[in-house]
Every structure is written in structure tokens, then in C-alpha cells.
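The chains carry the letters A, B and C, assigned in the order they are written, with residues numbered from 1 in each.
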């Protein structure tokens, strides 16, 4: 027993020693920022550089298992609320439509001057009363990436303009898929999964999901399911799910079906961030045997859409509301900051000069697509020779997105979208697998919706 | 009972006082809050909620989603509990059997406990990629001829349920072994020695000595497993899309509760009503277990044993 | 006849070892795959699983360190929270359980049923109410909100009660009373040593639960100086569009090692304590 007590007391002493710490009190104004990513911290440090009297206390809470959303929802009613919160596309509208965020209307003239893409401000605006509550530093228009070598093989050209003409609308996209299947003997799929083009279809609905508390199924939704069924039945898609290994394997041409036959994927629907973070790293297979870098082209694709993105909002109750607004202005509308952000000025050394405590890999590489059209126009040319442009065989990656961005529309987006769309996925899968028929699919989905939307009228 | 022992029994209050005080400070309010919310239409995104009586509960029974979740939860729990206790009991008996004299029992026990230390998110991600369409299980089954072509395992009701049951078993049987061994080794050895002298078989000894004396611990395992099972969340939540897919087959009570609570408006009132119902259901079952397994008169039987 | 008996035992032993090895393989293979992932790059992990370790261990380690995460401090915080939680859980649960088992006070039945009912309360839901309540008490971002509620840890009291019911020896207690020991003294000096196996079992589970608890910790703790080790590992998921899976798996492995050591250290007492108990019998 004595030994046991000894071990215990050593453990206690050790833990006290290790956890002993003391942060010196600062006299600066403290601005509390909560986010689910590390990246805004880069701008927070830059903000401290231009505002030496401010101490931005940055708190990162992951949202993998819903920690961030739960903590936000728990904290918003209490005295512990932060001043500024980051909001992801999936749940930004919930907060924009609620009463907790401050009206950022006074920043609108600045946004106009910066020519912020309209769909970015639309997302931050409460459609019910037109009040704007969130701005974003990035715009995340979507595009279609295609394999140049396969395009040459099946269509005789890999020129982006010609490929865009070939897939200018969804009917043409389907025709393309048929041609590819025929010419490849079914060994090349148009897309990795039918989930790839779900976003584009949904982004081009004519009506929102909910009108007057009543569920609306837009014709575009039916069209999507029809198309997905066609792709499954005709074998135009690889049946890989997004974010699953088969989907990634297709990016570097190492996709092999269960029998060991090699398969190709012709195109991927990905937004701005998808290029540097998803497609480019996965273009090399893990074993190094396959590499598709330089074999990609980018076009706007059949339907304009946007995917993801991070918005910033200020808590209405914040005691430092003016400072919070200034922080949001700096991050999302300041021309100099956005230029620095997008062109790789915020190196680790740059940040270390402001705050020596900055961790080694806090850095923002060049290439993020920003929300200000003014900035985009000014810096596009600087990406002519970038690494990502080389990845696209010389096509300017930034210009590709700049072409896609103006046609994106986000006016229909509401706080309920994410849940409504996620509830549809499993019924669709069951329908595509042939387990249930279309009618059962619709009723299963509508039943599931009642769980999260008790007041929704469903016909 | 004499005067002194009567007075002494007041010490009982002293011993349970810290628990009661801590419960009053930390535990009472959240429970009260949950029950109170279940009668309101409160959401997290609005500041107020109205009292709506039993509306939340009526809604739960208006369609079969809630009952379906209850059925799923029972199914997943029972099918995981039987092998869990069965295998844990078998291994515990072997580990504590002096005649078998298994070497390095501590090491085996520790290795079987390992899965319990892993984060459910990592475990779910691992099984997800094992069983994905282009994953190794499909490759193996197709190439060795067990399947004509690759299948979407995690969109199949039976496969997905079996996976959840297996993972739950895998994560918890080691813990059950530890508890059972702790219980078994506290059974006085002379009892077994006497039985062996009388020529009892191992089965007889297990039925007549181990099982009856292990009863309090078995009740503990049973009740906590029931409670854990009724609140099963992590693995079925993380394995597929967090909505109990495919076809709602692994939608458990707590996933349903979480869906209501994490919905865009944050229907915490409706979510609380699920929590309250599950709480009542579990309580009734657990008290029934106690009632049926209780000892006739615990005080006398114990002194007789010693 | 003796030989036959011995032969049967040996045959049985072989059978038992075969079963144990099969279960061991089933248990360890997924763990092996997770450990292998710690040596693989994010791209490798995204493109499928592998039984063979890869070469990216040091790269992942670099990523883990490059985030500026103070892993040493996180380890200290974790150790403090886990050790404090364990001591509090074990001590107060045994105290409460002993009170229920040994004394026949009025309301005892009610109280012990009440404990069982408490075990059944789903906690996921009440975390929001709990946070808002802690905020009123001024205990958010304070370890007290994680540790002190464990004084009323219903699950552990329940285990303690079930365990003590099979261990408590009233004769021993009466003998001590005759010797003039105080009631609390009897608990400390006679009951605690007797209950070591149960206490250790309870302690190991309490330690693991406290060590791996990051969801509630994320809700209640805000300053990064107070983050525990599993919380720090979770912050590696901070880049939603660019998650470093290899480093996360390495981080997970790193966080599990201390629990395994603690387990190895304390699980011996599960056995030795029993030996002690039976000697006294």
C-alpha cells in the first residue's frame, strides 16, 4: 500500500509541476475569436500587427464530432460568449437567421467598394429582413476538373474552352458520359460518384426547400435523382463515395475494382479549396506509381455552384462590438489583407515578426480564392506561373475560378438546407441500389425530416 | 438491534453526505433542466420557449420513427450483450481456474482491454474504410469468389447492424472481463477447495459457487450494460452518416435525440422529451432486473455465507 | 486416473490457448491498423488501409510538433485532471458505497435505488444545461467543472456498492469497533485495504474515462493553456479542408500510451489485493 500512495503522490506532484503555468496579464483590449479552423489565426496575428493595442485571443474548437457547434449553442446565451465567431457554410445560415449576431450593415459600403461577390454577401444576409450578419474572406465557387489525356483520347481535344462547350449544360454532360463509356469499354467513368453533381443541381433550384413552413421539392431535385439513377444504371459513375478511398484513388489513376481491373475517372466537381487541398495532394498515388499532376484542366462545368467557405460574424452582445466589426472588416474586406492572404505574403517569418510565439506551421500559402472581385482582378495574373497552374498544364487556376464565380447564386440558401439535403442521401442511395422504389424513397425522406423539423408542413 | 448500533447507523448519513451535496450542487440542475425543457418548444436558436404540455411526447408517438429507434437500440444491445457477457464469462472462468493455470493472465487481460482505450471516431473511420466499396473486404470477398461483385456494405442493413454489434462487443468485452475477474477472485478459495474434495465438477462449481456469489457483480454488469446500451451513440453515429443510415437501421435513441438537438434550430425541448422517455424506459427495466434478481434477505444470507 | 486427469487438463489448456489467440488476433488487428496509420502520410491513409507500416512517422511527428502544440503541458494537464478525477471518484464512491452497505439508516433503500436511477440519466443532452449552469457559477474554463461533479459519480458508487456487498466482513468491523476504532477510521484502515482490487478496477475505468474525455472538456474548457492531451490532438483537425490524418493517428497513439502504462502499473493490484484479502480471511 505504501508504494501505491507513493506512486499516487508522485503522479499528483508531477502533474501539478507540468500544468503549472502563468500567462502575464496584458493591458491591451482583448478580442475573443472562436473558430473551427487554424487558418483565421493567421489573419488574427496580422490584425495584431496593424492594431498593436489589441490582443486577439484565438480559440480553436474542432467541429469533427460537433464540438464547435455544441459549444457555440451552449455559450450564446451566457456571459462567456466570444466577440467574433467563425461559421462554416453548413451552419452559417442558422446563425444569420437567429438573433445572436450583430447587424454588420455599416460594412456594406466597404463591401461594395471591394466588389465582394454577391453570393458571398447573400449567404451572410438574413433573407427574411435583409440584415447582413456575416462576411467571408474567401469565395468558394465550384468548378469541374477533368483529365486532359482522357479528354484528348475521347474527344480529340483538351482545350478548356472546347471541353466547356461539350459540357455546357447537364444534358450535354450526360451525352459526354455516354461517349466516354462507349469509347472506353466502360473502363472510364464520367465521375467518381453521383454525389459529385448533387451540389450543382441543388444550387440551381428555382425555389428554396421551405416556403411558408412548407416543404418544396423543386424540379431540379427530381432532375438530380433522375440523373443519379441514370449514372448508376448506365455505369457512368464509379460508385465511390466522396471522401472515400475509391474517390481519392480515381484522382491519381490508381482506381482498381474488386476484380483487379483498372478504372479511370474523367472529372471531379470541386470548389476553390478542392484544388490545393484535395485534388493536388491526391494526384500522386501513395506508392508513387501513379501521378496525374499536369494532366488536369478546369472549366466552369454544366451548372454554377459553390461549396463550403467560412463566414465571420460578431456577437450582438459583445462588449467590444466596434472592435469586433473592425476585425471582420480587416479579415474579409480589407484589400491589403486579402491581397496578402491570397498571394502568400503571410509567411511564418512574417507572422513571427509580429508575435514570436507563433507556431512553426502557422502560415498561409498563396492561392486561396478571396471574396473581393477587386483583389481577384488585381492578382489573377500573378498566378500564371504558379505551382497550381503547372498542375493544370499551364491553365491559370485563379482565372478558372474567377470565370466561375460571378454566375454563382446563393440566394436560396437557408439554415435548414444542410439537414434537409443530408436526410435525402440515404434514401437516394437505397433507391440507386435498387433496394426501394422512388415512392418509398420520397416517403422515407419526408418521414426523416419530421425528426428535425417538427413544424414543417410536408405534403 | 441495540441502542448503540441504532445510533451508529446515523453514520450512514455522514458517509453519503458528500455524494448528496455534490449531487445537489452539480447534478440536480441539469436533470431538472432536461425534464422541464421536455414540456416546452424551446430551441437553442431562439431565446424563449413556450410550455406546450405533452405535445413533444405526442409527436414522438405520431409516427414510428421513435419506436423504430427504440427497437433498434434494444436489438443492437441484446445482440451485443449476449456474446459480450458470454465470452467474457468464459474467459474469466479460464483465467481464474487454478487447474488450467493460464500464464500471464494480466497480459491477456490488458490486451483484451486495449480496444476500450481507442477513440470511437478512429475506430469508426477504420471500419468504414475496411468495408467501403473499394476497400479490402470487398477485394478479398470478390477475388476469392464469395461475392460476384463488390457491394456497398455500409448501405446494407444487415451488414451495418452486424458491424455495429461487432464493434461494440470488441470495445467492451475486455472491460467486462476485468470486472468479472475482480468479482471472481474475491470469492474465497476454500469454498472451491471444499467442493473439489467433495468431487464437484467444474460445471457444478461454476453453477453452485461462482454464479451465486458473483450475483451482485453480474447485476452491475447487466445494469450498466443496459444503461450503456440504451444510450448507445458513438459507434452507430460515426460509422455511417450520423443519421442511423442505412434505412434508419442503426438509428438509436440517442442518435434521434442528438438529431433533434443539433437540428438547424436546435430543438432542445423535443430532444429532451426523447431523453426523458429513454430514461423512464431504462429505469423501469433496471428496477425490474433488481426486483427479479434480488436476494430474499440480503443481510441474513450474507452472514450465513461467511 | 491421475494421468488421465492431467491429460484432459493439458488438452483443455491447448484448446483454451487456441481460443485466446483467435480472440487476440480479432482484438489486435484493428489496433495494429491504427498504429500503422500513425506511420503513414495523409494521402496514403485517404487512399486505403494497409497492414504494412510506412515511412512517414517522423514527418507526422514533425506536423504534430509544428502546430506549436505544447504537448508536454497538455500531458501535465491530462495527468492532473485524470489523477484528480480518479482519486475523487474512487474515494468518494467507496465512501458512499460503504455508507450504504454497512449502515442501516432510514431511507437507505430509497437512496440506493436513487443511485441506480441516476446511472440511467443520458448525459449527452444535459451538457448544454450544464455549461450554462457552470457559466452562472463562474466555473467554465475551470477544471473544477470537470472534476468536482465526480464526487457524485453514480456509476462508480453503484459498482462500489455491488463490489463491497461481496467483500465487507461485518465481523472484522465489529472487532475493530471493540478495539475502539472510529467509524471513519474503520473505513480508512480496514475497508480501504480490503477493497483494493475493487478500487483499482474502479480507478482504472475512472482514469480511462477522464483521460479520453475530450467532448465535454471542449465544451467546458476554453483556454488552450488548459487543454488536455486528447484535446490538443483533436485540434489537429482544425483544417477542415486539409486534415492531417497521419499526425492525428500518431497523436492518438501518443495519448493512449500513458493509459497503457498506468494500466500496467495498477492492474497488478487487482490481483495482489485479492491475495491480501484471502490471507486475512
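Some observations on this one:
Everything below uses one rule, namely that contacts are C-beta pairs under 8 Å (C-beta built on N, C-alpha and C of every residue); 3 or more make two chains touch, one makes a residue touch a chain.
Treat the numbers as computed from the prediction; the structure is a model and nothing was measured.
Centroid distances from chain B, each centroid being the mean of CA atoms, peak for A.
Sorting all chain pairs by how many C-beta pairs they have in contact places B-C at the top. If you average the CA atoms of chain B and of chain C, the two centres end up 16 Å from each other. Between the CA-based centres of chain A and chain B the separation comes to 38 Å, rounded to the whole angstrom.
Residue positions of chain C touching 2 or more other chains, listed in rising order: 48, 127-128. The multi-chain contact residues of chain B, meaning those touching 2 or more other chains, are 44, 129, 134-135. The set of chain A residues that touch two or more partner chains comprises 64-65, 70, 73, 77, 245, 249. Note for the complex: chain A touches chain B at residues 64-66, 69-70, 73, 76-77, 91, 93-95, 97-100, 239-241, 244-246, 249, 255-260, 415-416, 418-419, 422-423, 425-426, 429-430, 433, 435-436, 444, 447-448, 450-454. Within the complex formed with chain A, the residues of chain C that make contact are 40-44, 46-48, 54, 63, 65-69, 72-73, 75-77, 79-80, 83-84, 87, 127-128, 131-132, 135-136, 140-141, 193, 196, 214-215, 218-219, 222-225, 234-235, 237-242, 265, 269. Note for the complex: chain B touches chain C at residues 1, 8-16, 18-23, 25-27, 29-31, 33-34, 37, 44, 87, 91, 94, 99-102, 105-106, 108-119, 122-123, 126-127, 129-130, 134-136, 170, 174-175, 178-179, 181-183, 185-190, 213-214, 216-217, 219-220, 223-224, 227, 230-231, 233, 253-254, 257-258, 261, 268, 271-272, 275, 278-279, 282-283, 286-287, 290, 298, 302-303, 306.
Within the complex formed with chain B, the chain C residues making contact are 9, 12-13, 16-17, 20, 23-24, 26-28, 30-31, 33-34, 37, 48-49, 92, 95-96, 98-100, 102-105, 108, 111, 113, 116-122, 124-130, 133, 148-149, 151-152, 155, 157-159, 162-163, 165-167, 169-171, 183-184, 187, 197-198, 201, 204-205, 208, 212, 230, 248-249, 252, 256, 259-260, 263-264, 267-268, 270-271, 274, 277-278, 281. The touching residues of chain B, when paired with chain A in their complex, are 44-47, 59, 63, 65, 121, 128-129, 132-135, 138-139, 141-143, 147, 149-150, 152, 155, 238, 240-241, 243, 245-248, 256, 259-260, 262-267, 270.
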